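The structure is given below, and queries will be raised subsequently.
The letters A, B, C and D name the chains in turn, as written, and every chain counts its residues from 1.
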Amino acid sequence: MSTKAIGKTVWAIAEGFIPKESTGPGPEMTSHETACILNTSDQDAKVEIWIFFEDREPSGPYRLTVPARRTRHIRFNNLDNPEPVPKGENYASVITSNVPVVVQHTRLDSRQSENALITTMAYAV
Amino acid sequence: MSTKAIGKTVWAIAEGFIPKESTGPGPEMTSHETACILNTSDQDAKVEIWIFFEDREPSGPYRLTVPARRTRHIRFNNLDNPEPVPKGENYASVITSNVPVVVQHTRLDSRQSENALITTMAYAV
Amino acid sequence: MSTKAIGKTVWAIAEGFIPKESTGPGPEMTSHETACILNTSDQDAKVEIWIFFEDREPSGPYRLTVPARRTRHIRFNNLDNPEPVPKGENYASVITSNVPVVVQHTRLDSRQSENALITTMAYAV
Amino acid sequence: MSTKAIGKTVWAIAEGFIPKESTGPGPEMTSHETACILNTSDQDAKVEIWIFFEDREPSGPYRLTVPARRTRHIRFNNLDNPEPVPKGENYASVITSNVPVVVQHTRLDSRQSENALITTMAYAV
């Protein structure tokens, strides 16, 4: 099993928007934005997320751990300390880690009855 | 809070197409293309956008500012100086900035009753 | 206007699949795969595309020109020399150019009544 | 025909989720996740995939071959040795090869009646 660290320690996602509305059974079909983080290393990753806005100072850090040899798919909807990420408002995010990780961004948008999905690798600094 | 500049000063998006038709309440559900720009630095970013076409010379520069430590999600639909970006026509874009930024491309396509979404990081030169 | 060359001379797209079925008015809503190519340079780009398959030797080169300071959104559906790209079959592609270009991949999938869209920057070698 | 190797030997995909439900005729419309692998070289690629989870040790290696000058679009749904990839559970993957390859990630999600599609280039280490 590969236990080498893969990735980078700073990532950026310029797009961010959690729709206010959802259709279908939650939480699976609730509109959400996710940062999928993969830590292939043998060391727990201490991750910090900063949220950037259009009209005010950044919010953060949101702190979480991705254990060694694990992935965590973090819903921005669930971040609440120091404050919830607002719905229906444009934002962006910067994700840092003490060990290299890989970050991929996903949104499930269920504002309309059929869900729409987007994904992209985050920008590796 | 991270106030270091992140990203690059030149970005390219080879895909561009604003559908003529939309379904659902505007402006949220109006078909649109967006360049999401994140400026993590402590300096306002002076941004210029050039639009490239299939059959004529490029149009631009479209000038805008992304303030320090802010994100702006720019709809190509709203650019109008020196001229509006045409709908229903293929285009591409180059985005430059005097300070490093991160650029992500998104389209919401509501030509049909259920919306479709795409996103990708722009190409960092 | 920026007339500097941007990008790379070799790009790869590992995903390729043109659905056999379409719904809605063509050609706009016909299921298709596109390579969006941007040539910001002052020199016409001589582009060659090779198609790779799961079960036989690659097909090509498909030759085309992207003029200086222009974009072209090439539908794989329309390539026919040396042979059409088969529908309903997995493929991949390599795109080379004599001057640097930027390549982005898009699919519109209208097999079902509401269209689905995907996009990603191609892999820059 | 280009027979030079293109790409990298280690790739990571941080997002992974095979929906439990599907709508429409299988296997084409069955919800699935795919790693599209392109081997442009003149040598068969020996590929290994490791699956990472949120709550247990990684699973693998899943071994497969992508022949010289071929592409293979691998559905994670079909991997079954050493064990099937669970449905309805978040995962991530690392893909290694003895020769350089290009890897692109795709999901077709048919939980609802209209399919949703996502794609992105994997992260090239």
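One rule holds for everything that comes next: a contact is a pair of C-beta atoms (placed from the backbone, for glycine too) under 8 Å apart; a residue touches a chain by one contact, two chains touch by 3 or more.
Since we're looking at a predicted model, the values are computed, not measured.
At the interface between chain C and chain D, under half of the residue numbers appear on both sides, which makes the contact a different-residue one. The two copies, chain A and chain D, are related by a rotation of 90°, based on C-alpha atoms and rounded to the nearest 5. For the pair chain B and chain C, the distance between C-alpha centroids works out to 21 Å. Between chain B and chain D, the centres computed from C-alpha atoms are 30 Å apart.
Listed for chain A are residues 113-114, 116-121, each touching two or more other chains.
Only residues 10, 12-17, 50, 52-55, 57-58, 60-61, 90-92, 94, 96, 105, 107, 109, 111-114, 116-123, 125 of chain A touch chain B when the two sit together in their complex. Across the interface of their complex, chain B is touched by residues 1-2, 6-7, 24, 29, 34, 36-38, 40, 69-73, 102-104, 106, 113-121, 124 of chain C.
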